[in-house]
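When the chains are written out, they are named A, B, C, D, E and F in that same order, and each has its own residue count from 1.
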Amino acid sequence: MASHQGKSDVPHTYETLKVTQARDKVLHVELNRPEKRNAMNQAFWREMVECFNKIAQDSDCHAVVLSGAGKVFTAGIDLMDMGGVTLQQSGDDPARIAWNVRKKILEYQETFNVLEKCPKPVIVAFHGACIGGGVDLITACDIRYCTQDAFIQVKEVDIGLAADVGTLQRLPRIIGNQSLVNELTFTARKMMSEEAQSSGLVSRVFENKEAMLEGAFEVASEIASKSPLAVQGSKVNLVYSRNHSVPEGLNYMATWNMSMLQTEDLMKSAMAAMEKKTPRDVVYSKL
Amino acid sequence: MASHQGKSDVPHTYETLKVTQARDKVLHVELNRPEKRNAMNQAFWREMVECFNKIAQDSDCHAVVLSGAGKVFTAGIDLMDMGGVTLQQSGDDPARIAWNVRKKILEYQETFNVLEKCPKPVIVAFHGACIGGGVDLITACDIRYCTQDAFIQVKEVDIGLAADVGTLQRLPRIIGNQSLVNELTFTARKMMSEEAQSSGLVSRVFENKEAMLEGAFEVASEIASKSPLAVQGSKVNLVYSRNHSVPEGLNYMATWNMSMLQTEDLMKSAMAAMEKKTPRDVVYSKL
Amino acid sequence: MASHQGKSDVPHTYETLKVTQARDKVLHVELNRPEKRNAMNQAFWREMVECFNKIAQDSDCHAVVLSGAGKVFTAGIDLMDMGGVTLQQSGDDPARIAWNVRKKILEYQETFNVLEKCPKPVIVAFHGACIGGGVDLITACDIRYCTQDAFIQVKEVDIGLAADVGTLQRLPRIIGNQSLVNELTFTARKMMSEEAQSSGLVSRVFENKEAMLEGAFEVASEIASKSPLAVQGSKVNLVYSRNHSVPEGLNYMATWNMSMLQTEDLMKSAMAAMEKKTPRDVVYSKL
Amino acid sequence: MASHQGKSDVPHTYETLKVTQARDKVLHVELNRPEKRNAMNQAFWREMVECFNKIAQDSDCHAVVLSGAGKVFTAGIDLMDMGGVTLQQSGDDPARIAWNVRKKILEYQETFNVLEKCPKPVIVAFHGACIGGGVDLITACDIRYCTQDAFIQVKEVDIGLAADVGTLQRLPRIIGNQSLVNELTFTARKMMSEEAQSSGLVSRVFENKEAMLEGAFEVASEIASKSPLAVQGSKVNLVYSRNHSVPEGLNYMATWNMSMLQTEDLMKSAMAAMEKKTPRDVVYSKL
Amino acid sequence: MASHQGKSDVPHTYETLKVTQARDKVLHVELNRPEKRNAMNQAFWREMVECFNKIAQDSDCHAVVLSGAGKVFTAGIDLMDMGGVTLQQSGDDPARIAWNVRKKILEYQETFNVLEKCPKPVIVAFHGACIGGGVDLITACDIRYCTQDAFIQVKEVDIGLAADVGTLQRLPRIIGNQSLVNELTFTARKMMSEEAQSSGLVSRVFENKEAMLEGAFEVASEIASKSPLAVQGSKVNLVYSRNHSVPEGLNYMATWNMSMLQTEDLMKSAMAAMEKKTPRDVVYSKL
Amino acid sequence: MASHQGKSDVPHTYETLKVTQARDKVLHVELNRPEKRNAMNQAFWREMVECFNKIAQDSDCHAVVLSGAGKVFTAGIDLMDMGGVTLQQSGDDPARIAWNVRKKILEYQETFNVLEKCPKPVIVAFHGACIGGGVDLITACDIRYCTQDAFIQVKEVDIGLAADVGTLQRLPRIIGNQSLVNELTFTARKMMSEEAQSSGLVSRVFENKEAMLEGAFEVASEIASKSPLAVQGSKVNLVYSRNHSVPEGLNYMATWNMSMLQTEDLMKSAMAAMEKKTPRDVVYSKL
């Protein structure tokens, strides 16, 4: 009987998010304002940061599944809310308004950056509509699954702005097809699940939400069973490598692993492998 | 009755290009030496720069469709012309020749760079052959469509040189498959329209040129109907993001939008959205 | 009768590799410890560097095909060997062990870096299993082919470590689909040949090893027939461009070609083209 | 009578820091554990972040002077404390210890990064000893003054480690003389105030602490009298420029000023200048 | 009698600049609105670009001396002019104004960028006041001399803006002392010639303007006598190196010199050196 | 009685270099062709690489002093030799010659890069002439001392080429004064020891060679007495930091020290410090 039970004791109480224990060492985070189609309000931007910072520190959580409660994944950013960012700025000086708007944007960007900074893999599983800010969100996750009825829409140009919390930066690195990224951005047209898969945005499409969550939990559980040092070290270095050239990435990797290869997990894992066991049979220490 | 009519008054007169008003706020630029299979001669390199610099300044143009007149899109660079770059250099000193050749190459690269620097989206719609310099050209456009009979050919190694006006830099960022990019470059083999689509080089294939142009005009017109600040700001930031890491791109985006979110277009667009209207129903000021 | 025969005289004698002349100007390098499933031992890491440094200097070799002898391509790194890197370090000081481990990793990375530094195109043709270090290896090659029975497996997390000799850096730049790269890395699941092709990891799948080698030799021979300056200059610049932004890549390319466009190969090739001949009909000087 | 009084209402209560209002819109932050020679303990690392994040938000503060209470500026990091970072880590696995040590270092680096991220200019005025962590601290400030009796010492190698919270990154960009930076780092020798000035580390040396603080307050007050948009925008761009190439810095600057040049401060300042007044005669709105 | 006479035939006619032949192969460019203290007006920004682009192409000019006519070097940017950039923008939309302001700033930056892009060394020799835009100008030159009565002033914060045409990017790379750069920028205080020299901003101070010009012409003439390939290749690579890391700079340098070392200048120069002659005794071909 | 004696057993036999044990753990490397003024011939380029690679691996060497035997430090590169690089290339094709010249330059650059890659501090102590390649050499060392009679000369333009083995990349990062760097490069004038010191190129000037070597050995011995992990880790990170932005440098440093802070040297050093001992009293394990 393992000493490492994988039931998280970290309390998670939010207005807009619901966090539950889906499997051993796997947390399930739900966007949880179904009556508002999970539109992103002020509380949401703040709570995402709080939630994923906690998860980053929670050694009983090895992987996360992120989905939306209710009929759709998310209708995206709240228009009122967004207008407010600009309009609530006191004063008439366009420069001072700009100074404050910039602070807000950087703050909103952080809401999705925490998904990357959290070293635990995050699988996003979306269904129905995933609009505007929703695309910023899913592109900051590590693995993307969706249902057949799902679609995404880079909606921002239709409300008069360029997307500014991640889509323009991350989507082109996920979809190989830059021609398609441009088309989606400039026309704001919907991309249905089938095209999302063929273009590489999602790696699997499920028949319905239930099957998708089951599939996502399964993969998350598989990941959660492995050495947390190996999995989380891989995520840290995959993100680093995306932002750097290959030689820079290799240099960083070597410096990273000069300590990580001294881990006991390597010996435990290697011995399990020789005995034809899998990581599920190994008890790794907490991280 | 909108004050912004979208008929460009900017005069465009060229030897190798033909510019017409395709739709409201949409210009159609044609490679126009059909008798020479639109081969790229000295005038072409110069006129492209002139043409797209004018378009960049033309507030009545919101989107561009680029295609080729006659039977093929382009046979690529003119061999005579290219040989000339080297051979016409006076003197025998290989270093002085090199100095002048470099100036020429930088000048030729600029011919396609203007497509990226022009903030209006450029949809290229090609048919038949697209060879050598033609590939450099289409990879510098934002959206790529082609006909079923189209093919591309990275022809340069067959004439003894490494492609130097953009293909080696841009193609690998457009086609997800680096193994394929390498194969195309080293073997100079043709890639037919079907493979062009499956590899992500083009995002749509049309039955014939007529249908393709119709489709391209339709998308261009859709794009042209939207807030020019939103569309062109998106292009500027998509190009910036491709050349920078994700954190660098996000920082720049926040600084960009600190002024852009103060636009009246946002309020106009948001109100239209709430009234279930589309951007086509909004009159945006010129940019 | 050409003076440039393309039969390499450079001696290649190794424990773990077998080098033969496959075609005119084409070398065939085989991983050659079939009884050990071509597992990567100490000798292998050293010999790869020696072998490809020789090939880089060998003006009679214009292209390389790399494959595995026996039933599988490679079982990847030898577990004993790898554990040894850490365990054989003398002393108890974790910092001194780290210092030495880092040197080893940098050395091992070089084993695959030589594939990129060698300016001659390397086509890897793999069959059966390609596990762990094998994925690091194939991602450092220029063109990837495989057989229908082939699969790859980013196995490292299952033995408790993050892959550190290239997979995390190069795989995301080869497969357009980052969601898939993450899934493969975190779950260590197998990816079969079909998915390898649809995701862009390989550009062709063959029915069996024999057909694959035939196909690979054919393409290698085609490449080998062309101007070595054009082909190798293209490789150098493709690798450079991957590691730099588009404007940086263009600047370097212009500086590169200021001498390379002065080559006699250009005139030879252009004249052949005008006479409807192909590069196979031209005798290029050695490089 | 100006509406903008410049008396900060933000409460600052710390164990290790003392914050007072030195002049109009100028705060004075003192390292305040004189009995411990202002050695940097756990509370210090935390409180610096809290303190400067508050100052960053405090629109009544336009400039900061940082100095040390008691006989010396600082004896640097607390050895016990530092050892503790490593030793208090639970468990024996060197990799898990490494994981936690890295988190700590990143946290400690942030303690000085906040000085750069705070857009208000920070003048550090040090006297007596400035050792180890003290050098990391002063190099993250914008302007450096010291007394004649002051000296700095990059002490880290003498306690068996490479400085890891900023000195190795920032000192070489402040002192023009890289040969000297290396000597200071490798030998851990003291550098006295005279050499600090001639090498560019400090820009002024004062006879004693009293004169130095007077001088620092004077300059801070001068800075505080100017347009906060102009001063703080300059700091943001100076820091950005240090981390980027000249063309990158210029591009960012242009994007920054596209909103900032719309400020009312420009007109107010220009009119003052034409009337032969100085910024002290202008009332700028809060930022 | 040398065939290369070094008298430029390129016509230079401007409102704000005066161009004369100072020495063999040396041009003298003067800021020439002495009655306005050489303040930078609209014509100036345009003419600088025109002038230095011509010089870049003029093979009879090997070096340039830049100075100011009348009592001072320059009073900097014209306040009216600058206000105009913002105020003359039509319309009320802060975002559209921002779009146009940015275009203007990029245009103004180009005015000084041309000094760097021109491969011929530019020696700036300034006397009296060098204020605001004047500092942007001199930091874009290669060598800086001044008179004893000269001073510089980074004046921008005093008129309510952050300097945006080069000072914040280039000054910190010229003055080793970042503490001093910050002080100058935040306080807008004057720096007199003595401090300009001790801080490394200028490399020589002369008693008066006459002596300074004589000295500048002497050095320019010395430079002009040498191989233009060697001198201009050095400038191109010095600018490149400043914007890149050392390894990047070395790689570029090697690629640059692979053609440049084939020059006849090398042999001519080497033979002259062996015969104890100097470059002045050699006739180099035009570049 | 220390187990770590610091007498190197690694054999060093060269034509152009002389290696002796100067002090405990300190090696003295001399350029040793005094009859040829230590001009850099083919053997020299090769032997430097061999010598410093050995030193990098030699755990009994903690620091190096590099000087020149005979009357001057070095007359720089051998003109015959250099011309040969170009002239000995077989064939007439300027592109093939370029290809080979580039390989040579990269090889020559490596000769000085090894000084940076060797993690042990290298103090260069030069006297008399230090010309051309000599400047490339000293700028790749960590600490620079010279005698009063010493001078440097960036001689390359006088023989018709741009310096290509390091001076243009490293000198501007060592001397704060870019104006001076440009002047030295474009005019090829001598810089005497006094200016070398005031500009920051050297950090100390000695009366004669004997005193200089004594001083250099003293500092080297001081450095050699300290924890090799601390000293060499500092060098690795100082070099890394020079090539990267501050945030990049800090990130790398944190990853580096996550293992290095686990060293026993830290505890040994800290205990010595508390007992008022110095590193000289501590026996550190070999590295």
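As a working rule, contacts are C-beta pairs under 8 Å (C-beta built on N, C-alpha and C of every residue); 3 or more make two chains touch, one makes a residue touch a chain.
Bear in mind that the values here come from a model prediction, so they are computed numbers and not experimental data.
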| item | value |
| --- | --- |
| Selected pair, greater C-beta contact count between A-B and C-E | A-B |
| Interface copy of A-C among B-D, A-B or A-D, judged by whether over half of the contact pairs recur | A-B |
| Approximate Å spacing (C-alpha centroids) for the pair chain D, chain E | 33 |
| Separation of mean Cα positions, chain F and chain B [Å, integer] | 49 |
| Intercentroid distance (Cα basis), chain E paired with chain B, Å | 35 |
| Multi-chain contact sites of chain D, meaning residues that touch two or more partners | 94, 97-99, 173, 175-177, 200, 229, 242, 255-256, 258-263, 265 |
| Residue ranges of chain E in contact with chain F within the complex | 63, 121, 142-144, 173-177, 200-203, 219, 222-223, 226-227, 229-231, 233-235, 237-238, 241-242, 245-247, 249-251, 253-263, 265-270, 273-274, 278-279 |
| Chain B contact footprint on chain D (complex, rising order) | 252, 255-256, 258-259, 262 |
| Residue ranges of chain E touching chain B (in the complex, touch as defined) | 91-96, 98-99, 229, 259-265, 285, 287 |
| Residues of chain A touching chain B in the complex | 79, 82-83, 85-86, 94, 97-99, 101-102, 105-106, 109, 113, 156-164, 166, 168-170, 172-173, 175-183, 185-188, 199-200, 242-244 |
